[in-house]
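Just below is one structure, and these are the notes that go with it.
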């Protein structure tokens, strides 16, 4: 029982960070219908940013997101404007290959610049934890979970309460209709990619104190982000939030009961089943 | 279609042998410079760079051709192929990983070119009756043996949990550990091969804790090693001893995480403490040049290149002579006395003297075997600092 | 003899009824006009008949076969073919290849299919466009291509969804002639059209849909003088 | 069948003649080329073409963009090698078993996944391949897990008592690869000029329209997948036998799936020679980058001195940067030649033709 509770809890905490990654991808997909294979690499850039802010300027990783978010937003907007924008109407496989290419460029450029060493960001609290009822809770993970919640709430506010946010959601729902309604779809795309990148970067910053950093780290998260996004329904922000937490739990609990070797199989099986039987996602309303 | 032919011709022109002129000893070096194995690969590159410098000092000029295999067997084979047939090197040092070494070993046999594998430790590589493959590195069996023997001498561990990364190296090391444990009468109570790069091992560790093992044996590279120990501390997994099979547990980056590394054992092939050669000076030189401390990979790669360079300098480009040199020669360097012999089903294998290090207050200290050790081991595991 | 019987067909999307309890019959060789304001459920009915959606209720009998649950490909094999409101050319294939795809429904030989295709291409008057890529044709010719393609499947019943939509008067006139020619070959047709003059000219009978329900049915004169139709639909024009 | 000249789009008799000459030259090549390194590159090109052609049938002609073809590559390779290594079944039988197993699995997966469209299908195909990879990692008894299977020796191929080849050199692999690739190209050509080919392309252009024209989507997509998998699996078996080693991280990796797609896209998808051109360009290019030949050539040509800063940079850094350059190349090709090299060349020539008029 203790093992179960322990794995549930750490699953939920990790799931919060996954949710951020998933939300970023889902906004990008929703608005542009582009599957961003470079999403994990964007996250990796965020991690390096956090690492250098910490080692060079001694800014705490959790504080550094104040810097990371705007920088990553600009980075994402740049990527969209220079690259993604040019393939919006292109065949899906070309879009996919473009983002794969961008990912390769990012990870290898970082490798050239900073070598492929594992970078480990050790804060005072990196391995601190406390116990409740025999279940240990990692402090940094708890902090990052709290920040995730704050950011998610802020994001919801932005998307549901501001004009720009609503325009983004309208574009995500129906690009053509949004255009007819006079929404500047191009601008929304840039904002969406910026947001996606900012969220991925933030996720990178949040896991930096408990994880490690190397140029190829992105691939681990790209696949996870896809699973989360599909689980929640492509383009659905609420869905991605829940999807992230669900995947966190599935990995953690699945690892205990099926062996950690098989947990990825389970995750991908769930992913396939959802794709097949509920392509609109677990939360989506099915259209007959 | 026309374009296809033109392109083909161009491609062929790239490939056809270029004119070769060589005075210096022409050697090849295959390594994982890019790709997922690159972080460790870099240590090998650095070791080789130092070796080339030292060889030059000894008057041996090496014309070194470096090849990147990106960690993939077929690329590694292409590299070996190119070195053996196009560049016509006398001997080759490399590659890094077990998978690539395995593929290259057979190819070296086909081209009759001496291949000296510096760091790959999968047992089977030198157990296939290959005449042209030599190995400086100890085997995964060596890693497990010294650790478990030490544990049996220091305490009476009855149970063992194994956590290994689900890679070639991880699985081989885990298998060797199982075999050794069985010989020593230690019972395996928990075993898990995790996929590396996962941010959360807590559930697995909680399970391991529930199995109450005396020894926890882990195989992983540095990043996961730190993660595993951080999370072990969180979970409160506290056995009689944590033992790590080299790799991640024996690098200084791991030791510097004082809160989580104190008291952890790991087996290794080389430390700065060993009385062999000028290890201490070499350590300092490496640190100065590359801004980080060398791993045993670097030491093995360095020594391999030294051996290859010295052996090759006397044979005048004759591969068969070089092979004889390697089979019969003895070298003394930072790995102590090295020779390649046939034993226990191995061929051309260095009988490595393994060492056990323990992290004590953020530093690796050699603690076993006692005749080579600098400090006494802390036994049992002192528990987590609060 | 009725070639197509629509019996009490309803189609729901979620809670919304796109068609409810629609019934009518078609006699072999006739042209049936299907009209109604936007959103009346005309295209949904087409989709139900041709197997794109299973009807939620009711029955569709074509040529003695019960069509419920059949997929579009099976429907086509039975001799019912449809065109699309928004044309769907196979853009990167040539005109003749497009039509051959239709013809291959009836033969396995490319040679025969090509002969059949050429014949239909001449019927619709695209003889000078044979090797053009379908994607490069102007809208009027795309519509003709679409007709040629379905003709090549040798249908007994043809369902044309707004083949005159977006065409200029001269092009529309060509299509009207084409529809009448097809009728002369003996192929039954159901035609969705917004152009009232055209539909009155070509139809033998007309079914009017409104909000998913059948509002009226009769020959063109009857429809024009039907009060309900005039109120609900024609009156608005 | 109609005469050659019309069937091959945009080509006529002359290129066919050239192709025949090229094939003849390729058959004679091992007699003249001593460099086994060159043969090695040729074999890698062949394997790349075979798997590219396989993908092309499904992705290029039928428009189903699978980014999980490594699954079938791996299944083919594993089946052949497991049978040979553990059951002592010679590979020339095992290869067929590999095809059978791969096709059977493909049909199950196809039946399930083909109802998905566009990006959803892409993601499903990735998920399938990942499931296969992780499964292969875990089924240690069957696949030897992460350690992979090392081939000890391929039994010599005999007819009666006559040893045809003992597989000791590269030459047999070269010829097997060459013959298979010719079969693959011929099969693509046959397909393009058959009812199947027309149906595949119709599905690619517009599924719904195709459906309404009497094309059973599930059946024809599965047929396309099966044809595709035959060659992908063959390529996998050939790769495994040739390299002599197989493990999940090389034959079942997402990288490989991407590489397969990339070969086709760079050459030009939905064309017979697209995969050929893609492979002929990509394989030597990535090899030249990997082995730093380009930097060496620049230095050797005297353009840049080895001792200058730039020369040093080229020599030391370019080899580290080869994946980076590969990535840049990929981005540039997608942005500026979205129809691949063949499409680009065609556009150029047609432009020139228009200008001439």
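Labels A, B, C and D are assigned to the chains in the order they are written; within every chain, residues are numbered from 1.
Note that in this section contacts are C-beta pairs under 8 Å (C-beta built on N, C-alpha and C of every residue); 3 or more make two chains touch, one makes a residue touch a chain.
Here the structure is a predicted model, which is why all the values come from computation and not from measurement.
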item	value
Chain closest to the middle [Cα centroid of all protein chains]	D
Remotest chain, subunit D as reference, centres from CA atoms	C
Inter-centroid spacing, subunit D versus subunit B (mean Cα positions, whole Å)	34
Where subunit A and subunit D are represented by their mean Cα positions, the distance between them in whole Å	33
Whole-Å gap separating subunit C and subunit D, where each centre is the average of the chain's CA atoms	43
Two or more partner chains touched - positions in subunit A	108, 111, 259, 261, 264
Multi-partner residues of subunit D (each touching 2 or more other chains)	134, 137, 320, 323
Interface hub residues of subunit C, defined as touching at least two other chains	none
Partner subunit D, residues of subunit B touching it in the complex	1-5, 7-8, 10-12, 14-17, 33-35, 66-70, 72-75, 77-79, 81-82, 84-86, 98-99, 102-103, 106, 110-111, 122, 124, 128, 166-168, 170-172, 193, 195
Sites on subunit A touched by subunit D in the complex	29, 33, 35, 83, 86-87, 90-94, 96-98, 100-105, 108-109, 111-112, 219, 223, 226-227, 230, 234, 259, 261-262, 264-265, 268-269, 271-272, 275-276, 279
Complex interface listing, subunit D residues touching subunit A	59, 65, 67, 112-113, 115-116, 118-120, 122-124, 126-128, 130-131, 134-135, 137-138, 254, 258, 261-262, 265, 269, 317, 320-321, 323-324, 326-331, 334-335, 338
Complex interface listing, subunit D residues touching subunit B	11, 15, 18-19, 22, 33, 35-38, 40-41, 44-45, 134, 137, 140, 145-148, 150, 152, 168, 239, 243-245, 247, 249-250, 273, 276-277, 280-281, 283-284, 287-288, 290-293, 319-320, 322-323, 341, 345
Subunit D-facing residues of subunit C, complex	50, 52, 71-77, 81-82, 84, 88-93, 97, 100-102, 104-105, 108, 110-111, 113, 149-150, 153
